[in-house]
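Below: a set of structures, written as structure tokens.
Okay, so chain A shows up in both of these, paired with chain B first and chain C after.
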Partner chain A sequence: MQQITQQPSVTRHTRSGKINIRSGNRVSLVLRATLWTLGALTVLAFFFFDYTGFRPLQAIPETLYNLKAMFLEPKLSHFGWGEAAMQVAITLGLGALATVFGAAFAFFLALGAAENLSVPWLSKSIRIVVAFVRAVPTVLWVLIFAIAAGLGSEAAVLGMLFHSVAYLVKAFSEAFEEVDPKILEALRSTGAGWWQTVVHGVLPSTFTYLLSWTFLRFEINFSVAVAMGAAAGAGGIGFELFMASGFYFDLREVGVITYMILAIAIVLEVLSTRLKSRVYSAS
Partner chain B sequence: MNETVLKKRKFHMTLLFLGAILLTWLSAWVTDYGFASSLEAVPGAMMWMASNLLVDGEALVKLPDIMGKLLETVFMSIAATTIAAALSLFLAIMGSKTTMVNRPIGAVSRFVASLSRNIPVVAWSLILLLSFGQNSVTGFLALFVGTVGFLTRAFIETIDEAALGSVEALRSTGATYWQIVTKAVVPQGLPQMVSWVLFMIETNIRSATLVGILTGTGIGYMFDMYYKTMNYGVVALITITIVLTVIVIELLSTRIRKVIL
Partner chain C sequence: MSLLEVNGLTKSYQPGNPILKDVSFSVEAGEFIAVIGPSGAGKSTMLRCLNRMVDIGEGQVLFDGRDVGAQNKKGLRDVRKNIGMVFQHYNLVPRLTVIENVLHGRFGYKSTLQGVLGRFTEEEKRKAFDLLGKLGIAEHAYKRCDQLSGGQQQRVGICRALIQDPKIILCDEPIASLDPNSSRIIMDHLKTISIEFGITCIVNLHQVDVAKDYANRIIGLRKGEVVFDGPSPLLSQRFTDEIYGMKTAVEMRELITV
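Now for the complex of A and B:
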């Protein structure tokens, strides 16, 4: 899932770098107001729900029974292990393509969006476009591309690409803006051009950071690719999951597929956590 | 920085780029992805969007319906996130190394969180749909389960980073476990946690669309219905309303974050 748009800090600093000693009143007032509002909206929410066909007394034991069949008696019946591995590879491939292309596009766009490397009008307009693209759910992009470009892996990758680029531009440009201004000034004073400043100043000091964000996005894109297979017919293990549960009602097969997705997701999560902690210990 | 370091770094970079190219090539082969056809598709797709995704008068008639469903979806996301946050706070306090009661309980709560986070929300929606049926509760539960896992991980990080010193300080004064949690851990981590909750509400509104398509609820179901009947005017209108909602919520939470963090 998504992760970390802002870094937590132990002592809070104001933007100029001083320790935050603003009187606690306003902070706790806003905090309390937010919590109360969320609480009230939550209570209110249950009056807006649509409860057609909701029978909790029947549904809860049924779900438990289903979960038992899924997780304790997993079994493949409509395809073999070779096919299953192939479908997982397709899902990983979709995620990888969207991530690699996304990172490449995002790198250049983020250079344009970073305030310290770009001109205000360009940085502002990239930011606005990116905020818009990010607000459209990925599944809608994929579905829209599926009609406009035809079904297939192309539509899925293009749809996922949009969101990946928007996400990475935000992360990358924030990383670029944190580059020590002294480094940039030193390079500029030697007469280095814009591109030379980027290659020799910005890139070396942010590279591991960019890599860790890209990997994090790959972790997200894997689960997005599963979702696109199920909701937008993009193929891969997500589509098999959708067929097994929505078409064959074969819970044991759903169990096997879930175990496979779970295993890969956990491996990716561990890898990305490792990478992240290495980046932080290095800086 | 001497020359060998620079050389080594250059070598690593080259290796990484070659790896990325190999990965791309392999992925394209496995997924049967055509580079040329996808490049060709982009301008066509843009043209298609510009000429078909237009909101017309006919679509505007549906606006009250859409707003109703959108409201349901927003409420669903907020309720799922807030209730998940309460459970996550408990799991995080049990699971964090600084505040856990004992090792087995800590391991169990981290395991539960990992399970709920790493089984994709798609799988949860499909499983829950089978027995809970096509209604808001299914969507709510699917979002709830995924959120618990994610927020627990975020809250554990928050607790570990914010509370380490104060837990020790309070413990040395002889404070009880309960006092440490309520007087130090929760108040210190609260702003950061609220910030995570706000972030999760934004994310969940977007996920709610996906969950809605799969479980036949809320705005996602409406999108799917008009998408399948090729009524693209309404599709465009639904997309715009979702975008506006997400942006408004993002702006609101940015403002709140600015004050509390």
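Now for the complex of A and C:
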């Protein structure tokens, strides 16, 4: 006890005189204040809702009925299974197109963006542009391209491509920067040029990462393509979903389409896991 | 004319804190030189100035009559293809096979397209296998490099340097990560190379006894300055102490045990 009282400047005490074990800096203070404010605002918000026409006793059973119709009694009525499969294939195609082209463009841009392979001005400018492109949501890019290409699959692919490139440039360039600098040093010391260093040093070391990032992006692009089918008239299963829900109010068809999208998502997930374990076990 | 000439090489990473101070020496073809000195003495930096892996500060490095510091991109590649380099951590591409890694040594001779496509002649491939055989690892040629032990990986590194047909090989602490037995094998190979192929070797080491056993000539660096340069038998205990800046071994032991 003697020792503690001898070092008053080292130990901090709470107001009640106990020894404090948190560092108690400004960050935690701000964090706590923010959480309290948000909590209070949330509670307060409930008092300002417009409750007219809200009858919970009626709303809950009706919602349950809708959900039952959607997920327990799924049925196609406006198109057949062959047509449905075709539409899913179109959506997959939109996603694949945007991903494949996106990955190809992103590979070269990422080489310019990686700090260990490029010059500072180039890497910085690519990063800034790419960060800007990424900050704008994919849907907005699609709508922007719709001005030039008209609403439809062209605008959707272009918009998705734009965002995919930006996303993959970041992922790829970070993978490139993880390459052991010793490998690059060794290749340069043999007199290898830049392209040779990239193809035989950087590429083999990062190939699995590039592959798994690309596949991840494909999964994202598939779900974006579904949304684009509805929002930008890009066709595919998304458009059918839009028609079934917004035009025909056919909840049972919506159910079938939802299940189909879910099935594809699961298949993609399984494939990506398989692919990864295969590539990694080979490496 | 000597193969390599270093005149007044001064290099600093931060201004006012030079890591190499006015280093000068010249190297004749066929020499086996050990560079010794404590960590931070500037051994690695000096070695990397010779093929401009780090930029040469002040002073001049002449390799085969060419001013290394004044070369443009193409000239520098040409200089580098004539200088093999062996590293402490082998610096191989771990996911590629042994033979692929060895053939990387030929990139200096290739056009960009040939190199990118990985087109190697039969002659080059045969030579790669010959070298692997000479260093006793031909049976691992198709294995991935990360499956090999440290000593075997270092031998791959040496093959990669040799296939360049270099006039000189720079070795940066080639045995610092290896056990004594593998170290001996690597040093024996380097010695054989220098005698058999007449390739000049400059080897950074921290083990003074290894340097004395293998090298014809020793350069001692301390705090960026050359404090010893001469035939290895002349490196006396007094010089060793000066290089490492410490008291005699007996005093040292006393210090540790007390």
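Rule of thumb we're sticking to: the second predicted complex is superposed on the first by the 212 of 283 C-alpha atoms of A that agree within 3 Å, B and C clash if a C-alpha of one lies under 4 Å from a C-alpha of the other, contacts with A are read in each partner's own complex, and residues count from 1 in each chain.
Here, a residue touches a chain if its C-beta (ideal position, glycine included) is under 8 Å from a C-beta of that chain, and two chains touch if they have at least 3 such contacts.
Just so we're clear, the structure is a prediction, and the values are computed from it rather than from any experiment.
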Checklist entry - Is A:Phe249 contacted by the first partner chain B, the second partner chain C, both or neither? => result first
Next on the checklist: Contacts for A:Glu154 in the overlay, against chain B (first) and chain C (second): which applies, first, second, both or neither?
Outcome noted: first
Checklist entry - So, does A:Glu185 touch the first partner chain B, the second partner chain C, both, or neither? => result second
Item to check | In the superposition, chain B vs chain C on chain A residues touched | outcome: B
Checklist entry - Between chain B (first) and chain C (second), which, if any, makes contact with A:Pro120: first, second, both or neither? => result neither
Checklist entry - So, A:Gly82: does it touch chain B (first), chain C (second), both, or neither? => result neither
Next on the checklist: Counting contacts the way the document defines them, which residues of chain A are shared by the two interfaces, the one with chain B and the one with chain C?
Outcome noted: 204, 207
Next on the checklist: Help me check something: in the complex, which residues belonging to chain A touch chain B?
Outcome noted: 1-3, 5-6, 8, 10, 12, 26-27, 30-31, 34-35, 38-39, 41-42, 44-46, 48-56, 58-60, 62-63, 66-67, 70, 86, 89-90, 92-94, 96-97, 100-101, 131-132, 134-140, 143-145, 147-150, 152-155, 157-158, 204, 207, 211, 223, 226-227, 230-231, 235-236, 238, 241-242, 245-246, 249, 251, 254, 257-258, 261-262, 265-266, 269
Next on the checklist: For the complex, give me every residue of chain C touching chain A.
Outcome noted: 51, 53, 77-81, 83-85, 87, 89, 91-96, 100, 104-110, 112, 115-116, 118, 144, 157, 160-161, 164
Checklist entry - In the complex of these two chains, what residues of chain A are touching chain C? => result 180, 182-183, 185-193, 195-196, 199-201, 204-205, 207, 283
Checklist outcome for this item: Within the complex, chain A is touched by chain B residues 9, 13, 16, 20, 23-24, 26-28, 30-34, 37-38, 41-42, 44-46, 48-49, 53, 71-72, 75-76, 78-79, 81-83, 114-115, 117-123, 126-137, 140, 146, 149-150, 154, 157-158, 161-162, 190-192, 194-195, 197-199, 203, 206-207, 209-210, 213-214, 217, 220, 223, 227, 235, 239, 242-243, 246-247, 250, 256-257, 259-261
